[in-house]
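Given below, in the form of structure tokens, are the structures.
Each of the two complexes below includes subunit A, the first together with subunit B, the second together with subunit C.
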Partner chain A sequence: MAGGVRKTVLIAGGGLFFCLLPWAAHYFGEQYLVSLFTRILIYSLAAVSLDLLIGYGGLISLGHAAFVGIGGYVTAIFFQHSFEAEPLAGIIPGSENALLVWPLAVIVAAAFAFLIGSLSLRTSGMHFIMITLAFAQMLYYFAVGLEKYGGDDGLSLYSRNQLVGMDLANDVHFYFVCLFFLSLFLLISDRLVKSRFGLVLRGAASSSRRIHALGIHGRRYKLICFIIGGAGAGLAGALLANQTEYVSPGLLHWTMSGELMVMVLLGGLGSLFGPVLGAAVYLLLEETLAMYTEHWMVYLGPILIVVVLFAKRGLFGLLTHRD
Partner chain B sequence: MADYILQVKNLCKSFGAVEASRDLSFAVQRGHIHALIGPNGAGKTTVLNLLSGELQADSGTIFLNAKKINKLPVHQRVSAGLGRSFQITSIFESLSVSENMALAILAGEGHNFRFWRNAMTVGVVKRELAGALARVDLSDREEQLAGNLSHGEKRQLEVGMALVGKPQLLLLDEPMAGQGAGGTVELKKLILGLKGQTTILLVEHDMDVVFSLADRISVIVYGHCIASGSPEQIRTNPEVQMAYLGEQ
Partner chain C sequence: MILLVEQLLNGLQLGITLFLMSAGLTLVFGIMQVINLAHGSFYMIGAYVGATVAAATGSFILALAGALGAAGVAGMAVEILVLRQLYKRDHLDQVLATFGLIFFFNEMTRIIWGKQPLFMDIPTWLKGNIELLPGLIYPVYRLAVIVVGAVVALLLWYLFSRTRLGMQIRAGASNRDMVSALGVNIKLLYTLVFGLGTLLAGLAGVMAGPIFAVESGMGESILILTFVVIVIGGIGSVRGAVVGALLVGLVDTLGRAFLPTLFRTFLSSSYADSVGASLASMSIYIVMAAVLIWKPRGLFPSHH
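For the complex of A and B:
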């Protein structure tokens, strides 16, 4: 089968699998699968947004968790103010309305991505990795210091947000909301990387000197990519806060950025759909291995090394390409 | 009076104690193939970098179409009509051949902040892509990743991309470098075919190529232009002979 056909079959199969999962879980009486796969969907969203940066923009960011954390904290903070009926900074009322809070989480994450990106993009290569890491760690310690919002201990939401026509407290409803947002983001990203913008972006990632010679200011394109990636991660953060009904500084920690990067590499860099596979495999392995040992990382490590060494395009590339 | 597309006046550029360009002046007539030659390390590539804007001159002026461009950044010089191909091929290796060319086509078409529509289906790409690929004989390679092309094909692609913007002045940096004999013949044909469409400033080591292609030649030695003239004048110029013989 040609690579293109395999890819279509794989994506369609994956889509069908995710659509049918809640019924399968119900049939087999394994309800916990729904929440496990919700988690997979949300991490996938974050990983796909990171793949836009690394795989298409050539922007190796080790601070992507910052935007997940920002999205999560915006959601939790607005919940807290709504719950206690005490306006934020004395004027802005809190809210539990998903239609209000989630877009806000995305906007705030995008705004931070704009700030961090504007400064970080003055560097490249190793320096870029370090500066994105530094910004994320700065925000992590900021969250730790946020005594009003739980500091070290994090902040609990007492329920999920309200969404018109849906009952988010119902795990199956929430699952499909997450599936919808992941599909939407995948669609947008897929169009994006093939568009004029995407072509220039991939060009700039491949050779910034050449893109300059064409008379194009490559950095602007990378900045927009960074912002879109940050926005996607912000949405993932808002969803994650809803799923666990809890946020903590751990969301912003560099280990979270590292996990997302592993998912992208495992699934396949620059493939958009690969990171979904990467997130699923990573989280399922974690879930399974953790049943046997708390040192499950010991087993995950070698698996990762094998994949990175022998499948440069990741698991997705392994399934869609035959060299 | 001759119609000069490019005039370089008293250009100086030093890297520490090394003077790469020393009071350098020359002019290129519109429509000509103008070659820059000189012994190794004479500073020819520095001149191209100063012209394209990758390096800023310490002093001196560059006029393109009688407009001062020496303070402009690279991309504004491109808009002003300058196209360039590099000594070291620098195409987009991770993009396909047609994507490379499409990128070059779209670069001249205003801004690219279009986020939804597939770039390869944009009208101007559909209209021009086939012709642009055919011009450099790459029609049958369009689906290939540019990184997988042979050295000569990469060079062809690069020249093709530089041509897409319809530059008024095309800077070609050692186009024959690393080409086999067959590639050299092909590229010579290609460059001759461009004559009349655009002005070309050529830096080249291969003297056979230079003397058979160029209308005018400027000789650069230690960053200074010691002679400019027709191939015949240059061939018989005693100073030039000294510079080349002295090197050997």
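For the complex of A and C:
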């Protein structure tokens, strides 16, 4: 079977699996699977957005959690102000309406991505890794210092957002909303990387000098890629805040960025659909190992090193390539 | 005035700890072109082994020796087993593999030493305070940390610019293949440099033991500060590490000490405290962003 066919089969199979999962969970009476897989869908969204950066833009960002955190905090802060009927900064009313808050979370995350990206993209290589890391830590400490919004303890939402025609408090409804957004983002990303934009982006990633010689401003393309990635992560943050009904500075911590990066690599760098597989495997591995031993990280660490050293294309690559 | 001098000394002491961390890391970055997230783990290993030896024998000197040995040997083992495979890989692989190492080391310390933090006593001969200036009383131990750091900085300078080994290391940084062709065992050299870096991290860890709690994950908070130091100073530059470490140590300490007071002059006190504290913890990142806008490759970029 050729690689392309395998890929199609794998993606279609995965899509079918995710669509049928709630019924399967209901049939086997394992309702917790729905919320576990909702988590997987949301982390997948964040991981796919990071894959756009790393796999296509060549931008090794170790601060992607910042955007997840921003999305989450925007959602939680608007909820808080709506709940307490106290306008934000005295003028902006809070809101629990998903159609309002979620786009806002995306826009704020994108705005921060623009700021951080414009500064960080002045550098490259090792500098870029450490600068994105440092900016994310800066926002982490900012969140810790937000006494009004819980500081270190984080902020609880008392319910999920309202979405017209859906009951988000219902886990199955919420699951399909997450599945919809993941599919949408995958579709957009897939179109994007196959477009002229994607070609230039990959060109700029592999040789910015050549792209420059062609008269193209490569850094601008990378910045746009960084912003789109940040926006996707912001949406994931808004969904995550809704799923757990809680946000904390932990969302922005650099270990979160690291975990997202692990999911991308585990699934397959630059494959878009791979990170979904990576997120699923990582979270399921965590869940399973944690069942047998509280010291599961002692096994996860070496597994990670082995994957890095020997399975360069990740699981998606292993499944779709033959050699 | 007394308070300012005291805070300056505290800043200097944090700067020295950061220098010990960043000297090793910047060498590894500069010479081997490897990004090592697990550098904080050797700081942690130094602190744990130091605290354990000190508790068992009661001798601080033995604790110091044990910590340095453990961190150095662990570092060389990691270089041979993992890092060596990564020199030719891209930065992403290095980030992920060393991220895996952090998982491993953090959890290992939890298995060996448990979840409770360890506490390490200041040795009796370094206990007490000393009056540096009339009215300025400062703990002897913290002063000793500053002195040790300064001595190590001098030794490093001597090693790099005045010895044969230092010459080989500098040559290895600019052209690995040429040095190898001239008959230097470059593999051994890399292992030694890496071991030296982790040994310094272990020294920083054991000296921090009596000041902070020794606990799993303690390496990560200092690791991020170390990265900021290196980015400010310029990757691969030991001179940059000195300047960056002192700058970060001073800005962080002085910001925490004085920003809340400063804000209290024009804001209500509870609001001033929270704004001041949160701005203080962000201050070094703001300094870093400013340096980068001005000089994207750091204050002392190394040439290659």
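Basically, the second predicted complex is superposed on the first by the 323 of 323 C-alpha atoms of A that agree within 3 Å, B and C clash if a C-alpha of one lies under 4 Å from a C-alpha of the other, contacts with A are read in each partner's own complex, and residues count from 1 in each chain.
Convention: contacts are C-beta pairs under 8 Å (C-beta built on N, C-alpha and C of every residue); 3 or more make two chains touch, one makes a residue touch a chain.
None of the values given here were measured: they were computed from a predicted structure.
Chemist: Looking at A:Ile54 after the superposition, I want to know if it touches subunit B, subunit C, both of them or none. Which is it: first, second, both, neither?
Modeler: Once the two structures are laid over each other on A, A:Ile54 reaches subunit C alone.
Chemist: Who touches more of subunit A, subunit B or subunit C?
Modeler: C
Chemist: Which holds for A:Ile216: it touches subunit B only (first), subunit C only (second), both, or neither?
Modeler: So A:Ile216 only meets subunit B here.
Chemist: Between subunit B (first) and subunit C (second), which, if any, makes contact with A:Val200: first, second, both or neither?
Modeler: In the superposition, A:Val200 touches subunit B alone.
Chemist: Per the contact definition in the header, classify A:Val298: touching subunit B only (first), subunit C only (second), both, or neither.
Modeler: After superposition on chain A, A:Val298 lies in contact with subunit C alone.
Chemist: Tell me the contact category for A:Arg191 with respect to subunit B and subunit C: first, second, both or neither.
Modeler: first
Chemist: Once the two structures are fitted together, what part of subunit A is touched by subunit B and by subunit C alike?
Modeler: In subunit A, no position sits in both the subunit B and subunit C interfaces.
Chemist: For a test of understanding, state which residues of subunit A touch subunit B in their complex under the given definition.
Modeler: Contacts found on subunit A: 191-192, 194-200, 202-203, 205-207, 209-217, 221, 224.
Chemist: Touching subunit C in the complex: which residues of subunit A?
Modeler: 54, 60, 62, 119, 122-123, 125-127, 129-131, 133-135, 137-138, 141-142, 144-147, 254-255, 258, 261-262, 265, 269, 295-298, 300-305, 308-309
Chemist: Quick one: in the complex, what on subunit C touches subunit A?
Modeler: The touching residues are 29, 33, 35, 37, 82, 85, 89, 91-93, 95-97, 99-108, 110-111, 220, 224, 227-228, 230-231, 235, 274-275, 277-279, 281-282, 285-286, 288-289, 292-293, 296-298.
Chemist: Going by the contact rule at the top, pick out the subunit B residues touching subunit A in the complex.
Modeler: Of all residues in subunit B, those touching subunit A are 52, 54, 74-76, 78-79, 84, 86, 90-95, 99-100, 102-104, 106-108, 112-120, 122, 161-162, 165.
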